[in-house]
Amino acid sequence: MMPELGKYEIEVLSSYAVSIVIIVALVAISILRSRKARALLDDVEKRSGRNG
Amino acid sequence: MIALLTRDLRLAVRAGGGFGLGLAFFLIVVVLVPFGVGPQSALLAKIASGILWLGSLLACLLSLDRIFALDWEDGSLDLLATAPVPLEAAVSIKALAHWLTTGLPLVVAAPVFGMLLNLPGPGYGPVVLSLLLGTPALSVIGTFGAALTVGIKRGGLLLSLLVLPLYVPTLIFGAEVARRGADQMDYSTPMLLLAGISCGAIALLPFASAAVLRVNLR
Amino acid sequence: MASIWEYANPKKFIATTDKLLPWVSALAVVALVSGLIWGFFFTPEDYKQGSTVKIIYLHVPAALMAINAWMMMLVASLVWIVRRHHVSALAARAAAPIGATMTVIALVTGAIWGQPMWGTWWEWDPRLTSFLILFLFYLGYMALWAAIENDDTAADLTSILCLVGSVFALLSRYAVNFWNQGLHQGASLSLDKEEHVNDVYYYPLLVCIAGFILLFVALVFLRTQTEIRARRTRALLARERLGQ
Amino acid sequence: MELTVTDLAVARGGVPVLEGVSFTVMAGEALVLRGPNGCGKTTLLRTVAGLQPALAGQIGLEREAMAYAGHSDGIKAVLSVRENLQFWADVFATGSIEPALEAFDLNGLKDRPAGSLSAGQKRRLGLARMVVTGRPVWVLDEPTVSLDVSAVEMFAGAVRTHLRGGGLALMATHIDLGLDEARVLDVRPFKAKAPALDDFDGAFL
Amino acid sequence: MIALLTRDLRLAVRAGGGFGLGLAFFLIVVVLVPFGVGPQSALLAKIASGILWLGSLLACLLSLDRIFALDWEDGSLDLLATAPVPLEAAVSIKALAHWLTTGLPLVVAAPVFGMLLNLPGPGYGPVVLSLLLGTPALSVIGTFGAALTVGIKRGGLLLSLLVLPLYVPTLIFGAEVARRGADQMDYSTPMLLLAGISCGAIALLPFASAAVLRVNLR
Amino acid sequence: MELTVTDLAVARGGVPVLEGVSFTVMAGEALVLRGPNGCGKTTLLRTVAGLQPALAGQIGLEREAMAYAGHSDGIKAVLSVRENLQFWADVFATGSIEPALEAFDLNGLKDRPAGSLSAGQKRRLGLARMVVTGRPVWVLDEPTVSLDVSAVEMFAGAVRTHLRGGGLALMATHIDLGLDEARVLDVRPFKAKAPALDDFDGAFL
């Protein structure tokens, strides 16, 4: 399954690993922030809907 | 206009000696470099022109936050903005005052500091020339950065972060002129480019700075 | 009748992107996964570069997106300056961290690639150097956004910075070229068949690039929504305080 | 010359603070704004003076007619009192600073660096600056803070001179200004109402 | 005490992102050096360790004026001086906060920047080690300088002028450790001296800083 | 507890400003200093609070008993009202900030960044800080500047509470503090006389 990477195995694998980790982190942070912002807004909207 | 210039110069001289301090910082950078990289004079001669440019760039940078911050804090900037002077002119005058108190002394002092760094003989002319052409651009670009960060308390580091990348083209051409001069090569092309950048920056950036200042004063 | 500027209304923007987002993200995942798998598992080694050629599937798309993200920010900034649509300012703000991340990926993969190819992690090659400068511009842009409290002021200042910065970034590109001649590969994506890389690498590369573009679009949608919501939350909280 | 403000709405930190403010100040007249802390007087004055944009409404005069003095006085500590004033006189091209020094009894202090003045003396210098601007509309935010009784009288005198010369003045204060003839406007009725919630547009409110 | 530390860290993070900006400045210095001295990697490798030290020194320097100036302006320092906390302790805490927001990130980032400057392989360890030992001294000495200039508006350049000569011994030994390390020579002597300077500065300078601060607050 | 000041002479910028100042403030008492602008009230208060050395004379209490509030309030714009107060409560190890928030009606503002407060609201925060210091002697320089009528009442209330708790207060002002029971001291009689010229000694005067 795993392709033969020859003497550059470390380089290729590490660049894939680093890039994928960075991209996944970016996506995860974006999603988390989005969730938080959504929840906070819902909260505030509900509250100010009650009061005002 | 003249009133603004004289006031700025007067303030620079009275409040902690405008002229002297930029120079002193320049001197210190030049003195510290040999401690950092070691005292071999051949090595120093090679990097001398570059260090002179870097030193003057950093000295310029450190004095940038004076341009607007004090006037902002005490409310003078609000008043200047409503005064019967176009803000573009006021910004240019401020840049000029900065150059007179910081850039010009650096140009004058560069040969002396060059000596400390074993700058090769033919290098002196080009170094001074390139600084003379380049430091006005540094002042004008710096004024833009100072206008951007004027509302931010102790924005000093942010200011550096914003301004230094903008300094890159000036630095590259300026240092190239100085280096080629020291190597006795032809330096007319980078010098023309340097002059072009300076003229462009002086002609256009004050408008951007004034616009930014208006936003900040809202 | 429906002008494109309607989407500049925050509510409309959120409604529309909510509908689009699942599709765009799904497409992005499909393109990315298939392109990377194709590239990683099913392409041969290059006779000169060996297996390192596989890095191209990350490196080139990331590098392209790093530049394109800045372009998009430039356009969005212009839209904000001219038409003052809040969504475009917020979209520019949302795109900056993505662009910065792409720059980092391009730099890191390039550095890892450089070690076997040029025998060094880093070389002051013009292309590499101008990327480093681009990264600095991203940093400055994001720091300025973060440092200013008033959202409209921040939008105005950052968009002017983006304009001025673009001019200087371009200048730096030329300056850097003048300063040092490079080691880096020339453009290999050109339509000219003679120029670009072997087809074996070319097609999976295209798929990867499409995947990165879709990923970028999806992230910009998501993050712009977040910025809009955060801004509305701030406005509501402020109004609430006013009530007291 | 008259200053007509119609249906003005002002905001601070993105929040509407006052709305529907309308008033007219004629030449020779002074208007004093009153209202509890945080009701938006400073915001209103800054907007009228052209230092921040209005949310809605019109201000009858352009900002070149206004001179504004807020909490910070624009005083340079290292320059002398005379140099401070002379600078503004030059910028506004109004010539002599003698009348201003006279009006606020600064002649005895004129060669002192401004940084060594006491709080009230600094304030007097800040107010003297209004005189040298030569602008017809004075916009003053809490002008008599830190002033003693006799200095408040000087201030009232200076404002009266300004009004007699065809100028007009708009001021905010919590304390007595010594200007009994001035009209008073309470800004409380103009407090901005929270806007309807679902009106979610470009302004995020 | 802890309250002071958390407040200072909080202020650093909120007001313009304390951690990031010092680092960014370091990065910028490292990026600009090749533009100044030219891109030849052999030359860069020779001066790399020195430049790393100079860069972190300058990054430290630029953030010094934050230590006391803001507290002075708004009157907090008057209050701190009369608070039931010994001023020596308050000063040490301020220095610690400065190190945490500026020095420590620099130590962590140094290897990455070393790469940009073609620092030779064996140099990494010694550079990081010397920075780890040296930056606390930079913070403590800088706090002393900041205390000296606390009453002066925009004392930034003056502060640099006062502090940089005090940084010389630290710089000499620190850069020596880094350079010998890069050349694979024995660096235990300068390292011991560097550690000695750091310990001495940390132990004694807070008393001087507190004394100076008391004078300035009179 | 009582604060006895005997024969105090104070200087600013090297120039003697007041001399021969003597007074006593008992626990539970408030003393208000009055005098025209520039007569030396601020200088006297800073000296009593231990922020600058006296030229001559004694101050009965050491400075660890004093809490001083001048024109600048020591407020950090980026911290919230609560964080600002909590910090001082921690430094002075006095625990809860609730009473202070209560006394100056800051509960509604407590999560706002202090930088976004209006002039009067900032002042209230600055005064609330006095409460959390827990110090017996309050030294206040023009405390009610920018405060509206109701806030002045809050201030008077807070001072009365402090006095009832055995504290004492020393204040300078030009305007009414709402504290009718406070004793008033006019500092004009203590104005420093120019010393004989040939008396040129270590102080160069």
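Going in written order, the chains are labelled A, B, C, D, E and F, and every chain counts its residues from 1.
Here is the rule we go by: contacts are C-beta pairs under 8 Å (C-beta built on N, C-alpha and C of every residue); 3 or more make two chains touch, one makes a residue touch a chain.
Since the structure is predicted, the reported quantities are computational estimates derived from the model, not experimental observations.
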| item | value |
| --- | --- |
| Smallest number of contact steps required from subunit B to reach subunit F | 2 |
| Higher-contact pair (C-beta pairs counted), B-C versus C-E | B-C |
| Identity of the chain that, by mean CA position, is farthest from subunit C | F |
| Separation of subunit D from subunit E, taking each centre as the mean of its C-alpha atoms, in whole Å | 45 |
| Subunit B-subunit E separation of Cα centroids, rounded to whole Å | 24 |
| Separation of mean Cα positions, subunit F and subunit E [Å, integer] | 37 |
| Distance from the mean Cα position of subunit F to that of subunit D, given in whole angstrom | 28 |
| Touching two or more other chains - residues of subunit F | 71 |
| Subunit E residues counted as touching two or more neighbouring chains | 15-17, 21, 24, 28, 35, 38, 70, 153 |
| Multi-partner residues of subunit A (at least 2 other chains) | 45, 48, 52 |
| Contact set on subunit C toward subunit A in their complex | 36, 40-41, 45, 50-52, 54-55, 58-59, 62, 97-98, 101, 104-105, 108-109, 112-113, 115-116, 215, 219, 222-223, 225-226, 229-230, 232-233, 236-237, 239-240, 243 |
| Subunit E partner contacts - residues on subunit F that touch it in the complex | 49-53, 63-64, 66-68, 70-76, 78-79, 83, 86-88, 90-93, 129 |
| Residues of subunit D touching subunit F in the complex | 12-13, 35-38, 42, 71, 116-121, 124, 142, 145-151, 174-175 |
| Of subunit C, residues touching subunit B in the complex | 133, 136-137, 139-140, 143-144, 147-148, 153, 156-157, 160-161, 163-165, 168-169, 171-172, 174-176, 178-179 |
| Contacting residues of subunit B [partner subunit D, same complex] | 2-4, 7, 10-11, 14-15, 70-71, 73-76, 78-85, 217-218 |
